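Take a look at the following structure, please.
Chain IDs A, B, C, D and E follow the sequence of writing; residue 1 opens each chain.
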Amino acid sequence: MLDVRSLDLHYGAAQALRSVSMKAEIGKVTCLVGRNGVGKSSLLRAIVGLKPVSGGSIGWDGADVTKMAPADRARRGIAYVPQGREIFPLLTVRENLLTGYAPLPRSQRSIPDEVFELFPVLKSMLDRRGGDLSGGQQQQLAIGRALVTRPRLLVLDEPTEGIQPSIIKDIGRAISYLRDKGTMAILLVEQYFDFARDLADDWVVMERGEVMLSGPRSGLDEQEVRKYLTV
Amino acid sequence: MSAESTLLYLDGVSVSFDGFKALNSLSLVMMPGEMRAIIGPNGAGKTTMMDVITGKTRPDTGTILFEGDTDLTRLREAAIANLGIGRKFQRPTVFEPHTVWDNLELALKAPRRPLKTLTYAISRDDRSRIEEILDITRLSALRNRQAGSLSHGQKQWLEIGMLLAQDPKLLLVDEPVAGMTDAETEQTAELLCSIAGKHSVIVVEHDMSFVRALGVKVTVLAEGSVLAEGSLDAVSANQQVIDTYLGR
Amino acid sequence: ADDTIKVGILHSLSGTMAISETTLKDVMLMLIDEQNKKGGLLGKKLEPVVVDPASNWPLFAEKARELISKDKVSAVFGCWTSVSRKSVLPVFEELNNILFYPVQYEGEESSRNVFYTGAAPNQQAIPAVDYLMQKEKVQRWVLAGTDYVYPRTTNKILEAYLKGKGVKPEDIMINYTPFGHSDWQSIVADIKKFGSAGKKTAVVSTINGDANVPFYKELGNQGVKAQDIPVVAFSVGEEELAGIDTKPLLGHLAAWNYFQSVETPANSDFIKAWKTYTKNDKRVTNDPMEAHYIGFNMWVKAVEAAGTTEPDKVIDAMVGVSVPNLTGGYSAMLPNHHITKPVLIGEVQENGQFDVVSKTSGLVPGDEWSDYLPDSKDLIADWRKPMSCGNFNVKTGKCGGKGS
Amino acid sequence: MLLRFFLMGLDRKAGIVLTILAILAVAVPVMTLWVPADSPFHLSVFTVSLLGKYLCFALLALALDLVWGYCGILSLGHAAFFALGGYAMGMYLMRQIGPRGVYGNPVLPDFMVFLNWKELPWYWLGFDHFWFAALMVLVVPGALAFAFGWFAFRSRVTGVYLSIITQALTFALLLAFFRNDMGFGGNNGLTDFKDILGYDIQADTTRVTLFVATVAALALSYMIASGVIGSKLGKVLVALRDAESRVRFMGYDTESYKLFAWTLSACMAGVAGALYVPQVGIINPSEFAPASSIEAVIWVAVGGRGTLAGGILGAVLVNMGKSYFTGALPELWLFALGGLFVAVTLFLPKGLLGLGAQLKAKLPGRNKTSPLPNAKTADQKGA
Amino acid sequence: MRRALRWLMAVCVVVATSTAALAADLRPLVQALGSGGYSGTEKALAQLSEAGDPAAVPVIEALQAGDLYVRKADGTVVVARKAGDAFTLTDPLTRAALGDAPAAAVEKIRINNSLRRAISASLGALTLMSPDTGVRRSAADAVFKSRDAQALETLNAAIAKEQDKSVRAAMEQARAAILLTGEAASKMSDAEIQSATDTLAARGDRDALVLLNMVAGSGASDVTKRSAAAAVSTLEQKLAFWAALQNLWYGLSLGSVLLLAAIGLAVTFGVMGVINMAHGEMVMIGAYTTFLVQEFFRAHAPGLFDLSILVALPAAFIVSGGVGIIIERSVIRWLYGRPLETLLATWGLSLALQQAVRSIFGPTNREVGAPSWMSGAFELGGLTITYGRLWIVIFAFAVFGALLVALKRTWFGLSIRAVTQNRPMANAMGIRTARVDALTFGLGSGIAGLAGVALSQIDNVSPNLGQGYIIDSFMVVVFGGVGNLWGTLVGALTLGSINKFLEPYAGAVLGKILVLIFIILFIQRRPRGLFALKGRAVEA
């Protein structure tokens, strides 16, 4: 289980997160929503270790990973699909996927079938450079790459951005499939509310660097959540 | 169809990368004041089409005319932009070291020659225009922030603002609402509708509710050429479009 | 303080010239140290002031100025390249101080404030060519040099000299290479080719320090033997050879005014002192070091004669001063501020030393204005009063070059 | 309009820089020429020349910062323009020697005489007039920069490719000027100057005047540079530094913008070189050495890139350090200087001028900043 | 038939004279070697070889080796070999031991170039009959060079006796050389002249050309001249062809040197994006490591000196690589994402490293020797190929190949590329970027160290070594296209060849200028280098 406690985070002098606490459980999809610039991506970056925090703690699987390097968190099963894709532009699609081997022992180093089932286009473009792909294709690659690491915590930052509707649906199905396997905690940041609503087991709603609401879907009023997303 | 009286005229445009045809004899016509939504699978060639129009990529074959007689394939990017073609990129690209205000000031319609910019002094009109855009994009409070420190969505807005400031005849808008909340999406749709008429707009989006809100003719691109064209409802009913794009 | 006499040392300790000049700084420190052990000069201790002009020519001028006006040195020993000397020259003239310049150079200069203790072209190049012509019966000449003023001028003089001796233009090949040139394959091949016309051929090398090691390595590898095509060099001494395996180079030549291998008591003392001073048994000595040795001793003697370190007095006292050199004779300061030197030709030995195969019978006086260049053959320098002129024209009888 | 242009660039920083320069321009002559030599306030002529040299380098650094700091063109060949300006001035000074050369030839410089040149090459004509030489100081580097930039920018040569061809340019010039056949004195260069505009070049008053001229040139260049930077053109430059193609899509012809800044910068560098030569007394091809250009880049980096004043500060401090260390620590100074460069990059990422901003940023948010790349590259890089 | 008869007669003469001469007759001649300076020695040597007694061979060899001394006390010429501080003396002719003598008691008989030539000539003449094939062959070569007419008779005899085909050919060439250039030429028949020129022309090398040229320009008969001139022109054509090939080889060889120098930079700069001004110093450190390794061999295992380079290779890789890792961990790692600042820091490091080496090893050149298998040259057709260059070419390609495999085919290579393209994301994928960075920089530096080993064979080992290569290396990497190893390969070879192609026409200086201008113009046409990466992936 991911357990974030009173996290503070700064960009220079500006504070982006204020005492943020939240949880994400295995076998559940936790949806993090909020308007532009409230700090969702910042929180995810803190969780995967790309942005050092200035206070608070991040627990994963019972261990404190607050100070751990991103690579070590990846080795503990945390995988990240960043906002803006961040694929390796000059590596081929295949090589991009292979980078997912890094945290795996040699015996497990293979690309899971579900990657190509989910994103058949990747299969046909294995030798194309990642940077040459279209925006949506890159997004698919970024998700596929994360899946190669066999994560137990999958952190997704707006994974549907730029993706065609049919594949969004596929991604939705994939996420529920992964959740239903029950081995993975999924933390999803999503602006596309309908998509999020269909998947969310738990909600976390942020505003101006703070968590305003959180809890299981059953316990929260959807209108309440939406309120934080309107202008 | 003749190119006269059209704003933008694409005929038989093909582009290939190392043998891969990103655009395959694409033809498309835009009238002055028209707004068009373009949808299509990832990799269909939508962004490539904008690259070709704006001079970023040179087509292998095909005709691209602006306002009936200007051959865009011969012009460099800056010249094309100066004809009145503005663009918002799929990935928000803003001038990160500059403040939000300066970003808009740079985008603002004004002479582009070096010596003119050297002696440029901002006028009252220009000032109020920027204020207005800040207002529209809800960035007023962030006007002195460095663009580099904006969040993803904020940058999207800034880029839309820059496009407005440029005041082009033709706006090419690549995925404007990616990363926006549903409410913002609606606003953006309204915004685009309000500028159409005076301007021509090509919008690329995957968000169907947004496309629906625009309420304009839709062109579906697939594998580098036009698959279907018509109202959103019409194309949505097209089985091919459903299979390759919308899904079930 | 006033109880010491300061001596400036202006040699590059970093940059491209450090490789050559650092040794000269060391030898100056040793000479000053020895002089102090002997009781100093005029009852005062000598104090060396070392600065690093870093192989940067304008910095040479700046440092010279600093030594003279800030440190108030009585004389400066320094420079290696001609351009560094050219750079400091106006400074020494303006501030009226003394520079001892220890390296062989192209000539065509005589300043009241500079004493040239290295060889002028007639003290190195011409005798070397004479030797090859007479002893090796050389008829065909390759003049190979680094592309800068010293080689250019020297080659100009040699070309004129050779032509004067009846060498045909097609028997002279001139080749220039950039500083630090390291790929000598084609040039060595060209030399071999040029040498295959059936006439005895030799190479006269004015290749600058750095480029020599790769040059000689290539000569060795391509099997250019001294017996077939001898190379005589003017810038290759013991120090340069220390970096090369000399076995394949046996018999190639160098012309200098001093070799470490010369067996005289003065020289063995000097070598011993040098090895002791540097605490390194393998350190070699070379010609510019001897030049500093001579220059320093001349200065000491002149200061003693003048009873002061005041530059004007010392400059006047310098002319005519004669001190022992390391090759068993005396070198004297001439009125043109150049000195008399013996010219030695040495052949490279397996141990990296030179075996002297020829020595001029007497001392050769340094000729500042070459007799082989049309515009300088009428010029002489004589810094004695009342002439006191660096470019006196014997034809017009006027000071100031050709005049007009 | 011109006035407004200059005023535009006048912020607080410019005020400080110009004030310091003004003080120098007044105090240095007074302290050198009128304060008695035994007074502690007396400045020796030696120091004045040294200061003059630093300020010439400062002008070069300023010119470089204009293109590097603001247009992102890392020139590794800027010393070429400096040297060309220097040669233009050197040629004038050579011609001023007249019959006072060692061979007494009234027309030919000494090096031409002893290499048997018969007449002055055509490109030396006119350099006996100061006005012509002064014009060439601007025109030669400017024209070379214009031609080079015109091709390079149009071909969209950017980044390291541009840097390396600027280096190739200066290296080629170095080798060319080494050649005696070029008629610029080969490796020995031009030296032994006698006077400038009829005044003895070694006279104290001349030296002080040259110093004041350097200060004035630096001040004027600073005003021009900061005027340019403060204008909208300056903003375009900064914008294209990081996102050139984006600027193009907005309708700006980025090539002409770069060309403008590049040529302006080259002219400034040329002026710096022209002022440098009479003060150090020699110009030789080693000024073209790639290392000279890299050193200039280093000054800017040390002072703070993209700040204008930083270049000036860096050039003066590094060169003062060099002057001092080469005298005080002749055997170790490279460690000191090398260490300084490393330390600046590690501890002052924005250079000396960035120190203030850095401290300010540190104070309120006592957070540990990431040692790894700034968040910026983490998020905004990529395809 | 008539010729055979003449040879037979000649043999008889030779045998007669050699039996007639006795060791006792040689004694005064040997003694004369020690007096009269160079010219005295030379005269005595001439008489000694005229005597034609093989017994003189060891004496002359001792003279050549510098082992012949004069005992000061009585002026006797002795063979002296150094034994500790003193010399062990033996009689040059009888080899009888003559006891020891202190260094001061003997004086070396010095030789100069003309003596060396005379020695080779007389040794050649005297050893033509040696039982050892190798000795006979070099004797023939020596006679060919000396063209000593006195050797003619011996030569004829030797040819008659010679069984070995190639030695015989060499002897015949020597004979032809003597005949054509000596006085005999005027007495020869046209056919004989023709056959002699043919023999020489068949040799087909520059030495033959020299001779034929001499003949063509000499005072010989018109027929001789004409036939020589004809041979000259065919030979010249042939040589011109080989010269063109040779030039190609020079280009390849210079290209390999550039490749070696640049390839480490292709990693630290091309792949990692560090503007590594200290690259040259890594090369230098490799060269100094070679020096240290050789010092060790010289001191402890002089017999194994030929292996020193093989030991130096891994040593240099480790030392330079280690220094690289230290630099990366202490400085570079703070600078990722700020590529321009790496220029400043590595420039500072480069200054400090140069000075450090200067302080430790002194400013002057250090001697790095060539193992025997890297010395000298061999002929391949009309090409002269030096072993040193050949090995460098092979080595450069080997290093290139190994690096290519490492980067393209291994997990480490993939991590390197991932990390350098997007460091934070690679880290988030689980790649330990710190380690990869350190190892990558270490790899680049280590390769630079390897280059240092190779360059130590052809260049100065001095603190400035690296400075001489840094600019060329950057040119190569950029010309080829940053980040593309193949570009570096092709770039290096192209620039090397162009340089060598231009050099003969333009001279080294102008040639270099032209190459630089070529690079500038080329980059205008291909603004991202020869092997430019294209497409969206790079533009963004």
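FYI, a contact is a pair of C-beta atoms (placed from the backbone, for glycine too) under 8 Å apart; a residue touches a chain by one contact, two chains touch by 3 or more.
Because the structure is predicted, anything quoted here is derived from the model rather than measured.
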Chains in simultaneous contact with subunit C and subunit E | D
Most central chain, judged by mean C-alpha position against the global CA mean = D
Select the chain at the greatest separation from subunit E, using centres from the mean of Cα atoms.
-> B
Per the C-alpha means, the centres of subunit A and subunit E lie apart by a whole-Å value of 63
Here the gap between subunit B and subunit C, centre to centre from mean Cα coordinates and rounded to Å, is 74
Per the centroid of Cα atoms for each chain, what is the distance between subunit D and subunit E, given in Å?
-> 45
So which stretches of subunit C touch two or more other chains?
-> 13-14, 147, 178
Out of subunit E, which residues touch more than one other chain, so two or more?
-> 354-355, 422, 424-425, 509, 512, 535-537, 540
Residues of subunit D touching 2+ other chains?
-> 175, 178-179, 245, 331, 334, 376, 378, 380-383
Subunit E partner contacts - residues on subunit A that touch it in the complex | 48-50, 69-71, 73-75, 80, 82, 86-91, 95, 98-103, 129-132, 145, 149
Which residues, counting only subunit E, touch subunit D once they are in their complex?
-> 275, 277, 331, 333-338, 340-345, 347-356, 359, 422-425, 471, 474-475, 478, 482, 509-510, 512-513, 516-517, 519-520, 523-525, 527-529, 536-537, 539-540
Residues of subunit D touching subunit C in their complex?
-> 44-46, 49-50, 53, 99-106, 110-111, 113-116, 175, 178-180, 185-189, 191-193, 202, 276, 280-282, 284, 286, 322-323, 326-327, 330-331, 333-334
Subunit C residues touching subunit E in their complex are 13-16, 18-19, 22-23, 135-136, 147, 175-178, 180-183, 185-187, 189-190, 192-193, 196-198, 210, 213-214, 217-218, 220-223, 226-228, 230, 239-240, 242-245, 248, 250-251, 253, 347, 350, 355, 357
Contacting residues of subunit B [partner subunit A, same complex] | 17, 20, 39-44, 46-47, 90-91, 138, 149-154, 156-157, 175, 178-184, 187, 206-208, 244-248
